[in-house]
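The following pair of complexes shares a single chain, chain A, combined with chain B in the former and chain C in the latter.
Here is the complex of A and B:
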């Protein structure tokens, strides 16, 4: 049953990703992207990362994708069906590069037919930790202790990004 | 067994995202494909966090924050390009190339 659910979610994720790349209008690509992100959230649930699944839906599919949607509608690109996929040599180059990356990644995941992950312990320790503190507590504790500097700098990064976006998008005249 | 399958899925999504960045000319779709790549990396982080530790799920937060910042700045650049050139097709402008 689990593998059936995983198969459905994985097909929606890959299909959505292909839809983003080969979609005709930007709006269609965006909706495919939201489908892909949503089924990724389902996969997070299957991996016992429930909080990240919620964050994925709320922040990624909810906020970032709506930002893209605003820009597409602001620039009035919704009915711009001009075909913009490169052809010829660029396609060959693209398939060469992606084939190389894909082969490299696949050989990292499964070198010489044996699973790399078999040498690691299974996810028991993290599961007991989650059962003890809850999924939010287990993420929040290192976030506000060991990684507090990185967390604060993330806030600075967001602030700088907002100021930069305002400065860039403002009319200069 | 599931984390290995998710790692493979993450590799596939990353490759599709790379394909999109190379093949498409529309700047907004290229940005969407970069988001796909970031999402693939997030998936690999979550899959490995069950083996290595909770830090994997922590880093997904930072990746999401950087993705949000990148989307905001990138879309602002696209808007300001569109004001000058009336286009988001990357063949129509060249001042961001070397």
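Here is the complex of A and C:
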């Protein structure tokens, strides 16, 4: 049952991502993206990362997608446009290259049957931690202890992005 | 001392914190005074940001007693990081000095300009000091986003907008690849912390496809930032379209910051799995050295010429990451320090000849400079010789160290390629010098008369300091090499 749900969610995620690229109008692309992000949240739920799933829905599928929608409507982009990728040859080339790389990887993996190092991490340790601290504690504690510097500098990063965007959008004189 | 006490992070990231404070202060200053007609805003804010860089430098010097004692967190305070801070601070100080007259004349939004310049330096310094791939990513993004905006900050220049958009799109794409690589490494080793990655890869063999794919994607992200063939396509266009001081900053600081981090990650912490990336780097270095130098031969625009020359230097520096012994590591540090000084000096001269604008950027515009402006022409010639690696300039010692490092690890073919491509590069470096000294300006009546060049104090300072440093590093290298040898990661 679990794997059935997983495959449904996974195919919606990948299919949605393909829809974003191949969608004819920006609005359609956007809706595909929401579908893709929403089913990613479903995968998080299956991994018992409920907090992440909620954040994924609220932040990505909610706030950021609404922002995208506003921008598309403000710029009046909601109509069809000519595709950038012309001709089947370009599409064939793109898929050929990607498929080639994927095939190379698969051919390396198949004989040995392992993708990972000999001692790859398992989910056991995180399960005990979740039982101890709860799902939010597991995220919050590293965030504000071990990764406090990264957290603070993410603030600097966002600030720089705002300053840069304003500097470009401001009309001088 | 440890990072269990979180206040120690303020100590460890003192230079970065100071620069951030100054950048925010400059922005506040910019919004508090709403007089865009102020002619001398550039001079004032330039001085403030220069003061910020100097303050950060003082803190950096004060960190030496703590070096190697704060080592357990995700931030490294080792002498390597402090040395890279020196190079980055020097590069940004020179960029600020070059910019002062330029922003006034081009009427660029001064507060944002200087604030973004400082923020870019903060990002690069954070990146070189981080021991965690997540922090590397954040630093890289702070620097990249600042420079995307700086490339296109002159709104009246269509070429600038093109450059900025191109840089942004390709940069975002390469950042995505970089991040995917980090995710794959995290997935296969269970940590983004470099020390733990080092421990996890001790007995790695070539069956760890996920890890190897991640490492290669990480390398692709870095190669894009430093402009290694075949990820260099953006470089000439972006260099040509950006404001000239920003081109200079991009060509030295971004490259230096990326290479310092590159070496820390690949040379030290991914050394166990060199079998996975060694061959790739070998080919990249070879193709970059030969290809970039050949293409540079036919460039007539000096910014494009410097772009291809910068790509070629990335190729030389890749050898040091590959050879990976103490000689080549000192070569990397020495080369980046000298390259920063020479390239910034070169751009100072370009800004002067272009009269703080974007015209007169063809090689033929430099005809007759030697007789009209002997000081500028002499300085430019020395910088060009240093980039080419002539004896008695700093570039020569740097190249010798790289060569020795390559030979110690038996990369004979790469060493030969380095020598051959250096010989090729003499042609285009000396061609510019030849135009300056040997050619008279064409005296047809319809060519616009070259305006009288008057050298502002700030640019005089940059030219003189770079000249002294280059010659000093070329003739008395032992002091700098001695200092560098105490700053190595492989001590």
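Here, the second predicted complex is superposed on the first by the 141 of 173 C-alpha atoms of A that agree within 3 Å, B and C clash if a C-alpha of one lies under 4 Å from a C-alpha of the other, contacts with A are read in each partner's own complex, and residues count from 1 in each chain.
In this section, a contact is a pair of C-beta atoms (placed from the backbone, for glycine too) under 8 Å apart; a residue touches a chain by one contact, two chains touch by 3 or more.
What you are looking at is a predicted structure, and each value in this text was computed from that prediction instead of being measured.
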>> After superposing on the shared chain, does chain C or chain B touch more chain A residues?
In response: B
>> Looking at A:2, would you say it contacts chain B, chain C, both, or neither? Reply first, second, both or neither.
In response: first
> Where does A:143 make contact in the superposed view: on chain B (first), on chain C (second), on both, or on neither?
Replying inline: first
> Just chain B (first), just chain C (second), both, or neither: which does A:154 touch?
Replying inline: both
>> Quick check on the superposed pair: does A:52 touch chain B, chain C, both, or neither? Answer first, second, both or neither.
In response: first
> Looking at the overlay, what does A:69 touch: chain B (first), chain C (second), both, or neither?
Replying inline: neither
> Is A:168 touching the first partner chain B, the second partner chain C, both, or neither of them?
Replying inline: both
> If you stack the two complexes on chain A, which partner ends up touching A:105: first (chain B), second (chain C), both, or neither?
Replying inline: both
> If you stack the two complexes on chain A, which partner ends up touching A:28: first (chain B), second (chain C), both, or neither?
Replying inline: neither
>> Looking at A:90 after the superposition, I want to know if it touches chain B, chain C, both of them or none. Which is it: first, second, both, neither?
In response: first
> Can you pull the chain A residues that chain B and chain C both touch?
Replying inline: 105, 109, 115, 117, 120-121, 147, 150, 154, 157, 160-161, 164-166, 168, 171
> chain C touches which residues of chain A in the complex?
Replying inline: 105, 108-109, 112, 114-121, 145-150, 153-154, 156-157, 159-161, 163-168, 170-173
> Of all residues in chain C, which touch chain A in the complex?
Replying inline: 6, 9, 13, 20, 24, 27, 36, 73-75, 107, 109, 112-113, 115-116, 119, 122-123, 126, 132, 134-135, 138-139, 141-142, 145-146, 148-149, 152-153, 155, 164, 187-191, 200-201, 203-204, 207-211, 213
> Residues of chain A touching chain B in their complex?
Replying inline: 2, 6, 10, 13-14, 17-18, 20-21, 23, 26, 29-30, 33, 36-37, 40, 43-44, 46-49, 51-52, 55-56, 59-60, 63-64, 67-68, 71-72, 74-75, 77, 82, 84-86, 90-91, 93-95, 97-98, 101-102, 105-106, 109-110, 115, 117, 120-123, 126-127, 129, 138-139, 142-143, 147, 150, 154, 157-158, 160-162, 164-166, 168-169, 171
>> Per the contact definition, I'd like the list of chain B residues that touch chain A in the complex.
In response: 2-9, 11-20, 22-26, 28-29, 31-33, 35-36, 39, 42-43, 46-47, 49-55, 57-58, 60-62, 64-73, 75-80, 82-83, 88-89
